[in-house]
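Shared between the two complexes below is chain A, which pairs with chain B and chain C, respectively.
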Partner chain A sequence: MAKRDAPTLSESKPARLRAHAARANPELLPVAVVLACAALLIIATKILNPGSSLTQQLSAVLVTSIFLVVASFGQGLTILLGGIDLSIGVVAGLSAMMISVLTNGQNASLPWAVPATLAFCAAIGMINGLGIALAKVPPFIMTLASGITFFGVGLGFTSGLAQRPVAPALQALMSGHWLGVPIPIYLIAGFVVIAAIFQNGTAEGRQLYAIGSGPRAASVLGLPISGLTILAYALSGLCAGVSGLLLAGYSSAATLDIGDPLLLPTIAAVVIGGARVVGGKGIYLGTFAGAIFLSALETVITVLSLSQGLRNIIEGVIIVGALLLQSERWGALRRWSN
Partner chain B sequence: MSLATRLRPARGAAIAVLIYLVMYLVYAISEASATSVFAITNLLDNTIVLAIAAAGLTLVVLTGEFDLSGIGVIAIANVVVATTSVGILGWFGALVAVVLIGAAVGLINGWLVVGLGLQSLAVTIGTMIACEGVALVILAAPGGEVSDTVANGLTGDIADVVPVAAVIIVGVLMLWFVFARTRLGIAIYAVGSDENAAGLSGLNVRRTKLLTFVLAGAAYGCAGYLLSAQTGSGDPRASNTFLLFMYAAVAIGGTSLAGGRGGVFGSVVGAGILTVMQKMLFALGAASFYTSVFSGIIMLVALFVGNLSVLRLRRRRRGGAEWQSATPRP
Partner chain C sequence: MNGLPRRLKTLPKPLLHCAGALALILGGLAQPASAQGEHYKVFLDLSYSGNVWQTAAANGVKALAGTPPYDKTVEFKTVISGTDVQHQISDLQSMIAAGANAILFYPVSGTGLNRVIEQGCKHNVLMFAYDSTVTAPCAYNVSSLSGRYGANSAQWMVNEMGGKGEMVINHGVAGTALTDLMDRQALGVFKRYPGIKIVGDFYGNWNDATSQENVAKVIAAHPNIDAIWTVDGTYGSLQAVQQHRPDRLVVIAGQSNNGYRLDIGDAALQAKGLKGLSASFGPADGPYAFKVMMEVLTGQLKLTAHNVEYPLPWVPYNEVKLCTGLAFENGCNVFPESKVPALFIDTALNGDLLPELNLTAVQNGTAMSGATIKPLPAVTYADDLPGVNCTDCKPPADWLEPNRVKPIPVPN
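And then the complex of A and B:
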């Protein structure tokens, strides 16, 4: 990213700069606009709630965005391939439930319980990937079916256990501070760097784009389509698992359906971030911006202290509005570059 | 896709019928009262809401688009019936109202997708959330009252023999078989099979897609009306768990999510399978969580067998051309 941005810094006139930036990487401009919208929402929160400081609002938005930031990375990879992962909510719930059952509210077993839980989640993703890559089941159906199936399995294993206490160390991870900054913000920063480098800086990442934009061309070129598909879905399962762990730590009591509200926002975040559901388009920074935007939206709507119904209406309308803005911007960009 | 191929009952639907019959047989054997009029009426009553909603969704799916707004419309319809069917609108007024509301939401979806070129998967998430909000504004907590005409009239039996739900389901299927042969019905398959080709051969692709969203919305409205008849009250969150099962019913029924293949008949059978499965597992004494496990596995089985037959068909026709259903056409 940084290398592509570098030439634009030497430009002096804003218009030329903008045109140049659009030429250099047309996908960065939408990201900036989505982030600007999120910033406006955070400022609106501050105005609506004068008692709090701007940094407080910002850190609140960032901390609650971590689940979406992590989970929508996986969703983004599958959408990049022209697929989708509908099992994310269930996997996150299973992860939260599994970690609390394995640790039983104690820190002692965390060192093996965390890897075991994440391996289980990645395995579910891998099963999705195997079904899609080898058995050629459409992703929508494969992940929907595996989600419903594993939800049943989880229900069977945890029957009668409505809520489980979570290990204190996980709770401390989500509520702790280091140098005055909440720990989740460091986690987000680290995750975003790794995710952006993987998706937009490695050979595997570029191959995912190639497969997404033209599966046949990719197969003619000899790309390992099956392997990369399985990898993408396994990563999606892993990210959903990480999200589940964090959710468990955040809410201090795990339930099996704790991850359900996560599923549709991951799709919305990816699409708001500039991806196309047919695949081959969209960068991780866009998804990240989409996730921050949705989290900020959620925060500002909560501050409005409206009834749940009005909140939903506003949220739905703004999601559609964000999509609209994005599509028009694409049109405008195309006009500029012509 | 030639007319002959299209009108031949889809292979996926045939498999779904087979699965349904096997499950019903197991259910009937393990529970003696399963074949009584009461049990059959109960089974169909449980099926019908999902069946009608899935039928509507099928139209959109056939054109290759997504529609996740269904549960939002069902929620609005439910609370509208619960607040107006006793009083201002009456049972008929409420029916007209929910159909119009559904069609209006469908029109908005269609306009956003067709008119503004937004991606249906994401747009309908937005409209779904907004619709659920509208439902919560109309009725913030479970309550309200559904007119007895609706609650009793739609869940009973005609002359104590024929379940009303059976009449509705047969009516929907007959409507579908006629509709599939109309200009619009054929256009839906053409658009779903190959949008560019359909456009080039003079079909109005945009109008076709818009109309499927509107029809689907009206169907969700009817589904919400029927849901109100079953529950007898309003609950703005009653339909929350419905979305995945609507898609599951469509998929089990053999409709391709890439568009162009399948039909309403399969989806109605798919909804039937999801319902009879619960009865079967309950009759067998299985714990309730097996229902989810089975739903998932049956989706994959139905789809896998359907896929194999399509693979064979295409290979025969094109001489081994690779099949890519996973990626919708751009």
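And then the complex of A and C:
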């Protein structure tokens, strides 16, 4: 069960490592399955369109998944705690608008505009965390309310008008290449390593699992539940902010609703990646695999020109299927792997 | 000018609706329902607020309401109803109860508001819908829907493509009447040309970032696409092509963002194959509807039908002309990059029908300095479209066909 999956904080280091490896292996299996499905989708697209380049398809899927890869890390942390962050789309939109307003098409202001924007987004997440941890407001109400409120703040400041283009350096970051590989792919690689290390390799990350698995037990153990809850939501705000910066750079112009399409896919990516929706289980590599899978799926659906109704059915079935598989806890696959 | 203080607009929507309704009812208690002399109580009811299109339309209306003589004769209030039908019904009822003489509204639903619209008509309130339409017989619709964007833009693209090639469809928002109507018109044209092959389509949700992501994916799978048809999200769609295939651009039709118009008018990009049409639905429809409504309210205009057409904006790549000032004058239709953001929608302005508006007016919602309201030229009535702007009515026999662009023969 979940408590069995959570690390024991008093274990010695070698024992912890052994326990960690034992836990990680079965969780890596769904990651491999989801990534294999994504690879099959990309290959299927190639088969359907023999004239296309597999490399270019892979590149397009990866580059367009970066927003989801980043934002769903934050969503994954809140779900790990048994919560949810419904303000992600709004925060991403605010981030994109703020960086456009602050840079106004100039690189000179980037060194302070980027930290200021990210600090603002992390602060929104921190407010969510404070409301949830200290005022005990249910996460979905707290994050929904803060999303509506901060959208209003953004609307008040910008009136919903289009903003100036973002700094050219940010645009170059999202459209440039290094050694023939799009820069966003390097960014994804770096982000995945950092996120995976934080979630599964640091004390704070492991403590989040403990809280998600059993808040009372975590409290008895003396874990700083409130502090870690605030940290998780602040990181979610920060990730949504980073995602908004990247979106603004990719689109070269920002609107207040630019982040709206991100919200539901972040939840789907976490679920497809094998995380338990009530918390305490799931690794970031799973979320990453879920994001890549969704991006590849969207490509196939677009290329096949499916009707919107059928698209929704496919996406819904996949999410429900992932939840059903969770109920079995990938048991069949584990038994097979053992 | 604006009925709700800006700080109220930052409140959560439920609070905003309650506050708006209360303010309207209290206002109604203080004022008689009918116009007194030349003083009119007029409401603007927005649906969604926060996107570029809606903001530009609302600002244009606010600027006109602050332009003489309306600045003295009109008590003008703005209410944001959101995207929920029940909220809009509730807000419209409050406005009627508050003694409105005329209500200009962006309808959330084509049929769901009919009852409250009829209630308004019974109270002698002029009910004007803009851009989107309603089927209530007593309401007035001011829209470009009958301009047949879908059919005309599709035919324009087919002609530019020589009747053959690979293309992508960027639909818009699934489940909306507008997307359905435009798709039916456009697909009807494309299907007539066997050489036109639709290799991918997606719902870009009228969003540039979503459109850009999807076009990037389609290009990776179909590196030889020749054209992209859109209703909105056009600038994002073109950005994707410029990023992923900069030396071979496409034939494209769609919205009127300033960055997009600058691109399609750029000779260097045209040399790489870019042929663009900037048309689609303009935010200036809102202020135009306001002018029509005010002329009816003040007795200057008597409408003989309830469906009025706002002329469909239409600027092909070879007719893009740069403006030097802040207004569309002398036939210009795009601003330099230094003056407006790339996503500013140029069709927020209309030099012929709305000379009272300039760039500052539609960006800030304030009246243009020194402007006075000019009389409108004769209005054009729109086609009746059953289920769109009427119920018991017949559409023209060719309502899905292009009426602006002459079709080329189907190539052998």
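Everything that follows uses one rule, which is that the second predicted complex is superposed on the first by the 279 of 338 C-alpha atoms of A that agree within 3 Å, B and C clash if a C-alpha of one lies under 4 Å from a C-alpha of the other, contacts with A are read in each partner's own complex, and residues count from 1 in each chain.
Keep this in mind: a contact is a pair of C-beta atoms (placed from the backbone, for glycine too) under 8 Å apart; a residue touches a chain by one contact, two chains touch by 3 or more.
Please read these numbers as outputs of a predicted model, since none were measured by experiment.
Of the two partner chains, chain B and chain C are each touched by A:159.
In the superposed model, A:172 lies in contact with neither chain B nor chain C.
Once chain A of one complex is fitted onto chain A of the other, the partner contacts of A:264 are limited to chain B, with no touch recorded for chain C. Applying the stated contact rule after C-alpha superposition, one finds that A:216 touches chain B and leaves chain C untouched.
Look at A:194: by the touch rule set out above, it reaches neither chain B nor chain C.
When the two complexes are overlaid on their common chain A, residue A:278 makes contact with chain B while staying clear of chain C. By the touch criterion defined above, A:299 reaches chain C but does not reach chain B.
Once chain A of one complex is fitted onto chain A of the other, the partner contacts of A:119 are absent, as it touches neither chain B nor chain C. Of the two partner chains placed around the shared chain by superposition, chain C is the only one that A:45 touches, whereas chain B remains out of contact.
Residues 145, 148-149, 151-153, 155-156, 159, 308-309, 311 of chain A are contacted both by chain B in one complex and by chain C in the other. By the touch criterion stated above, chain C contacts chain A in their complex at residues 6-7, 9-13, 49-52, 54-56, 59, 169, 171, 174-175, 198-203, 205, 207-210, 212-214, 216-224, 235-236, 239, 243-244, 257, 259, 340-345, 363, 365. For chain A in complex with chain B, the touching residues are 82-84, 86, 131-132, 135-142, 144-153, 155-156, 159, 215-216, 219, 264, 267-268, 271-272, 276-279, 307-317, 319-320, 323-324, 327.
Within the complex formed with chain C, the chain A residues making contact are 45, 48-49, 51-53, 56-57, 59-61, 63-64, 145, 148-149, 151-156, 159-165, 175, 247, 250-253, 255-258, 260-261, 295, 298-299, 301-303, 305, 308-309, 311.
Across the interface of their complex, chain A is touched by residues 68, 112, 116-119, 121-123, 125-138, 140, 236, 244, 247-248, 251, 256-258, 287-297, 299-300, 303-304, 307, 311, 322-330 of chain B.
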